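One chain, chain A, links the two complexes that follow: it is found with chain B in the first and with chain C in the second.
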Partner chain A sequence: MLRRLLKDFQGDVLAIPGRLLALIFFVILFFIPLFLQGSSGSYYLRIFIFANMYVIFAVSWDLLSGYTGQLNFGHALFFGVAAYTTALLNLHLDWQPWLTIPLGALAGVIAGLVVCLPALRLRGPYLALVTLAFPLILLGIVFAFTDFTGGELGISGLDRISNSRTTDYYISVAVMIVSVMIMWKLTDARSSLVRTGIVFHAIREDEIAARASGINTIRYKLLAFAVAGFFAGIAGAFHAHFMRIAGPSNLELTLSFQVIIWTVFGGITSIYGPVVGVYILFPLMELLRVVPEVRNLIFAGIVVAMLLFMPEGIAVWVRDKIERECPRCKLSNMAFRKTCRACDTPLYERAVD
Partner chain B sequence: MLRKVIPVLVVCSLLVLLIVPGCGGEEGNVIKIGVIGPMQYVQGEHHWYGATMAAEEINDAGGIDVDGEMYTIELIKADSNEMTSPTDAAAAMEKLITVDGAQFVVGGFRTESVFPMIEVAMDEETIFLGCGAATESLCQLAVDDYDRYKYWFRVTPFNSTKLVSNSLMTLGMAGAIMQQGLGLEGPMTVAILAEQAEWADGMVAAYQAYVPAMLGMEVVGTWRPSATATDLNAELTAIEDSGAHLILTILSGPVGIPYARQLGELEIPCASVGINVEAQKDGFWDATEGHGNYETTLNTYAEGVALTSKTVAFIEEFQDRYDQTPTYNAGTYDAIYLLKEVIESTGTMDTDTLITALEEIDYVGAGARIVFMGTDTTTPHDVTYGPGYSTGLATQWQDGEMKAVWPNLGVGEWEGVTYEGVVMWQIPDRVIAYYTQD
Partner chain C sequence: MVEGIIIQGLIKGGTYALLAVGFSLIFGVARMINLSHTCFYMLAAYGIYAFAKMLGMPLIAAAVLSLLATTIIGILTYRLFIDRVREHHVTVMLITLALAMVFQEWMIISFTSEPLGAPSFISGYWEIIGVKVSYQHLLTFGVALAVLICVWALLSKTRLGVAIRATAQDSEIANLMGINVRRILLVTMGMAAVLAAVAGIVVAPTLTLEPRMWTSPLVMIMAIVVLGGLGSVKGSFIGAFIIGFVEVLVVFLMPGGAFLKGAFALLVMVIILLVRPEGLFGIAFEEERL
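Up next, the complex of A and B:
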C-alpha cells in the first residue's frame, strides 16, 4: 500500500516539474515563519496572510470565469457578503470566528446562487455587466441601512482569529492549501473522482453542445457559482476577522478588478496561475513602497510588459518551458526528456533536413 | 531578443526592490516619526508638509532634548493608499512601525482605513496621533478597552458631531445679520442643500430638527444633488421658488463649484452658508469665475487669522514653502511639536510615561490650544472642542479673498469669542438688491 502510494507520488508529482515546484512552494510556506523572526517578522507574515486569502479569492474567480466561462466582473460581491455576514454574527451574536467564517462562506454560496439566476440566461459581456451591478447594489444597501451595516465606516472591532500572528499565518496557509486543492480537483478534467472539471470545460467551450450531450448545464453552472461563492466567502470572512473590520472597500470595484489582474497575470484557466499571480503581484506592491510616487505606474508597467511578452500568463509560460506534453498519451514530461516517460513517444518532432 | 530581455529586466528590477529597503545609513541620536496618509492626495500631501515643517524647525533649533541628550527627528513617509484599500493602509502602518522602525506615528485620513491602522499601532504599542479622521467612534474605542487603545490620540480635527454645531452657529449669525441689515420680519427660512452621501445623512436629520428648535428658523425643504453633479439649475430654481432666505450646504464633492457658480449666475436671492469643501480651496475663485463671491463654508485656517499666537506665522511659512493654504491635515505640524513637548518635559521616550504626559498636556499649537479629553469622558484622547480650545472657523469669499467670518457675534458660551483677523460676514449683493427693490 505504502509502496504504491510512493510510486504514485513519484509518477504524479515528482516526475512533473510544475507539480514538483508547487510541492516545494507549499513546503517552503510552512517554514517561512522560521526565517521571519523579530518585530519586522509580523509585517512580512501579514503580507503572506493577505496573499493566502487573496489566493483563495483569485482561484475561486478562475474556477468560475476561467473554467466555466461565466465572466464575473463583480467577484467582490461574494467576498463582501461573507465579510459583512461574519462581522454581524461576530459582533451582534458574539459567535466565534471558527463558526462565523464557515457561515460567512455559506452567505457567499447564497450570493453565488442569487447572481447565478440571471447568469442562466445571459452570456459574455451581458453577464459581465450584470455581475458588475451586484456589488454596487449591495453597496447601496450598505449605505441605506447604516445603523445595521455601519455605512461608510464599516463594522469594526471583530474578534481576532487567534492572538498570535504565526498561528494566523499557519491557519491561512492550511486553509489556502486545502481550498486550492479542492478547487483544483473540481476543475481537473482528467479526474476520475469528480466529473465537474470536464463539464465546466464543456460549458465554457460550447454550452449548447454540452446540453445536447445530455449534461444538465444549469445544475453545473449553479454549482460553479456556489463553489466560487463559497471559497471567495471564506477569503472574505477570514479577511474581515484578520483586519477586525468589514467595510465598503470589501465590495468595491477595485477588488473585483484586482482579482482579474492577478489571475490573468498568473495564467487564467490553470488554478496555479492565480496562486502565482497573487504571490508575485501582492508582495510586489509592498516592495514598491520604496518608490511611492511611481508605485502604481511601475506596477502597471510590469503587468503590461509581462502580458505583452507572456500573454498566456507567467505561470503557464514557465510551465511550457519546463514541461512537455506527450503528443500521444497526453502525459506531462520534464522538458529535457526526448521521449515520453510512459509510452516512449518522441516529445519533439525531428528537424526536417 | 526583446522577448528574452524584458523578463530578465523585470526580474532584475524585482531583485533591486528587494535589496534597496535593506540598505540604510548609520544611525545617531534619532527619533523616528512615521507620517502616514494618502500621499497621492492633498490630504496626505499636507500631512507630510506639516510634519516636514515642524521636523526641520526642531532639527534646525538643535533637536529634541531627552534628559540632556539631543536627538534629531527623522521622518518616515508612508503612503497608506487608504482611499482605495484599507488592507494596504494596515500593511503600510505595520511596515512603518516594524520594518522602518517608527517610534511614533502621525497622520491617517479615511475612517475605514484608520480603524485597521489603529489596530496595528495598538498591537505594536506605538503612540499614534491622528490628524485627519473626524469620526467620533475612533475615540470611543478607549472607553471599552483603555489599556489597548490608550496609544491613540486625535490632534485634529475635532470630531464630526461638532461640525453641526459650527454650521448652526454660522447660520444663526448670518440670519441675524440679514434680518438686521435688510429689515426682514418673521422667521428666517432655510433650504438645506446636501450632497447624496452617507456622511451627510445624519447632518441633514440634525439640521431638520435643530434649525427650527435652536434658531427659530423654518426649513422650507431639502435638496440632495449628486456629489458630482454639474448642473444645479433645477435645484436652485426650486429653492428660489420656495422663498428661502438662506441655503445651508453640506457639500464635499466637486458639486460645490457648479453650485456656487450657478448661485451667482442665476442671481438666486439666498445667502449660502454651511460646508462647501471646494470653497476651502485657493482655486475656488477662479473655478467659479468670481460667481462664488459670498460663498461661506466651515474651514480650519484663513490667511491672517490668529487662532493662536502661532497660527499666522505657521500659515505664512506654509504658503511660502508650498504655495498653498494648509488644510487641517497639516495639523501634523502640531502633532510633532506635541511629541517634542512631552518628550522634553518627561525626559524619556517611555511610552506609558508619554501617554500620561499627553493626557495632561495643555499646549498652544498653530491650529488650536490642544487639551485632550479625559479618560472619564465618552471620547477619551479626543481634542477638546469649544471656546478657548479647538473651534475651527467659517470663511467667506469676499471679492476674491477668503476671509474668516466666524467665530463672531456668538451667544451663550460663545459670546465674545472671536479671533484677530475675523471680519464681519457680508450679505450678498444679489440678496440686498432683491430685498431692497421696490
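Up next, the complex of A and C:
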C-alpha cells in the first residue's frame, strides 16, 4: 500500500516538472513564517495571508470562466455576499468564525445560483454584461440602506480568526491548499473519479454538442456556479474575518477585474495559472507602494503588455518550456528527455539531415 | 416638478445618446465591448479644461483642439492595442479596461484627483414652462441632437455609411465585396471617439471633472445599449432617453435615489436581457444565444 503510494508519487509528481514545482512551492509556504519574525515579518505574513485568500478567489473564477466558459465579470458578488453575510451573522448573532465562514460560503453558493438563472440563457459578451451588473446593483442597495449595511464604512469589529498572525497564516495556507486541490480535481479532464472536468471542457468548447451527447448541461452549469460561489465565498468570509471588516470595496468592480487580471496573467484554464498570477502580482503591487503615484499605471501597463505579448499567461508559458507532452500516449515528460518515459516514442521530431 | 423631470430627462438623455450611439456602433461593427469608451468623454472634458483654463485659449479653439486630440488618441489606441486582439472578446474587454485605468492614472498625474470645474460656453438661463434652464444645458441638448442627425445621415446616405453597415452585418462578406474592413473598423472607432468627445466637451461645464468620472456613465450606457439592442443605433438613441428619464425619476422621487440610479438602470438591463435579449430594436444574434 505504502509502496504503491510512493511509486505513484514518483510517477505522477516527481516526473512532471510542473507538479514538482508545485510541491516545492507548497513546502516553502509551510516554512515561510520561520523567516518572517518581528513586526516587519508580521506585515509580510499579512501579504501572504491576503495572497492565499485571493488564490482561492482567482481559482474559483478560473473554474467558472476558464473551464466552464461562463464569462463572469462580476465575481466580486460572491466574495462580497459572503463577506457581508459573515459580518452580519458574527456581529448580530455573535456566532464564531468557524461557523460563520461556512455559512458565508453557503451564501456565496446561493448568490451563484441566482446569477446562474440568466446564465442559462446567455453567453459571451451578454453574460459578461449581466454578471457585471449584479455586484453593482447590490452596491447601490448597500449605499442606499446605510443603517443596515454601514454604507461607505461597512460593518467593522468582527471577531478575529485566531489570536496570532502565524496561526492565521497556517489556517489560510491549509484552506488554500485544500480548496485548490479540490478544484483541481474537479476540473481534471482525465480524472477517473469525477467526470465534471471533461464535462466542463465540453460545455466551454461547444455546449450544443455537449447537450447532443446526452449531458445535462444545465445541471453542470448550476454545479459550476455553485462550486465557484462556494470557494469565492470562503475567500470572502475569511477575508472579512481577517480584516475584521466587510465593506463596499468587497463588491466593487475593481475586485471583479483584479481576479480576471490575476488569472489571465498566470494563465487561464489552468488551476496553477491563477495561483502563480496572484503570487506574482499581489506582492508586486505591495512592493509598488513605495511609488504610490505611478503604482496603478505600472500595473495597467503590465496587464496591457501581458495581453499583447504573452496572451497564454506566464505559468502556461513556463510550463510549455519545461514540459513536453508525449505525442502518442499524452503523458507529460520533462522537456529535456528525448523519448517518452512510458512508451519510448521520440518526443521531438528528428531534424531532417 | 413634472416640468423639471421632463427637461432634466431630455438633457440627460441627449448626453447618454451621444455616448451610447458610439458604443453601440463599435459593438455592431467590430463585435467588441470597448470599456474605455467613456474615457474619451473624460479626456475631452479634461482637454477643454487644460486648453481653456490652463493655457488661456479662447473656448471655441479649446473645444476644437480637445476634440481633435481625443479623436487621435482614440484612433491610436485602437490601432496600437485593440486591433491585434479584436478576435477575442475577453481580451478586448480586459485590454480596454486596462487602457481605461491608464487614462485615469494619466489624468490623476497631470491634473491631481481634486475635482475641477471647466468654464461655461454661455452663461445665463432661460425660463421654459416655469423651469430655469441654463443656456449651457440647452446647448448640450442642441449639440447632441445635431451631431446625432449628422451620424444618422452619414450612416444612411453616404457610401461610407453603407460600407459601415455592411461590415456590421457580415464582415467577411463585406470584405469579399471589396470593402476594406480594417479601415472601416478604424473609421468607426474614430467616429465613436468623436461622439464621446463631443459629449465630454458640451457636458464639461455642467459637471465637476474628476479622474473617476468615466465609470458612472459607462454603467449607464451599458444598460442603454442592452435596452436598445446591442449594435442597433436607433435602439441606443431611444434607450438613452428612456434610461435618462428613469434616472431622473429615481433621483427625484426616491429617497437615496442618487445611489440607486445605477442599480435601477442595471436592473432594467438584466430584466431586458432575460425577457427579450435582442433588446427593443436589436438584431437577434442567433449564434450568440442558446
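Details
Everything below uses one rule, namely that the second predicted complex is superposed on the first by the 350 of 353 C-alpha atoms of A that agree within 3 Å, B and C clash if a C-alpha of one lies under 4 Å from a C-alpha of the other, contacts with A are read in each partner's own complex, and residues count from 1 in each chain.
Note that contacts are C-beta pairs under 8 Å (C-beta built on N, C-alpha and C of every residue); 3 or more make two chains touch, one makes a residue touch a chain.
For clarity, every value in this text was computed on a predicted model and none was experimentally measured.
In the superposed pair of complexes, A:118 makes contact with chain C only, with no contact to chain B.
Touch criterion met: A:152 reaches chain B, while chain C stays clear of it. Of the two partner chains placed by the overlay, only chain B lies in contact with A:46; chain C stays clear of it. Once the two complexes are overlaid on the shared chain, A:36 sits clear of chain B and of chain C alike. Legend: residue contacts after superposition of the two complexes on their common chain; A:292 is shown touching chain B, with no touch to chain C. Contacts of A:223 after superposition: neither chain B nor chain C is touched. In the superposition on chain A, contact of A:63 is made with neither chain B nor chain C. Touch criterion met: A:141 reaches chain C, while chain B stays clear of it.
When the two structures are aligned on the shared chain, A:245 is found in touch with chain B, with no touch to chain C.
When the two complexes are superposed on chain A, the residues of chain A that touch both chain B and chain C are 143, 293, 308.
Remark: chain A residues 39-43, 46-47, 50, 143, 146, 151-154, 156-157, 239, 243-245, 247-249, 252, 254, 284-290, 292-293, 295, 298, 302, 305-306, 308-310 touch chain B in the complex. The touching residues of chain B, when paired with chain A in their complex, are 2-3, 6-7, 10, 13-14, 17-18, 20-21, 39, 77-79, 84-88, 90-92, 94-95, 97-99, 111-113, 115-116, 119, 123-124, 135, 137, 141, 198-199, 201.
Partner chain A is touched in their complex by these residues of chain C: 31, 33, 81, 84-85, 88-91, 93-95, 97-99, 101-102, 104-106, 108-109, 215, 219, 222-223, 226, 230, 256, 259-264, 266-267, 269-270, 273-274, 277, 288-290.
Looking at the complex, you find that chain A touches chain C at residues 71, 73, 117-118, 120-126, 128-130, 132-134, 136-141, 143-145, 207-208, 253, 257, 260-261, 264, 293-294, 296-297, 299-301, 303-304, 307-308, 311.
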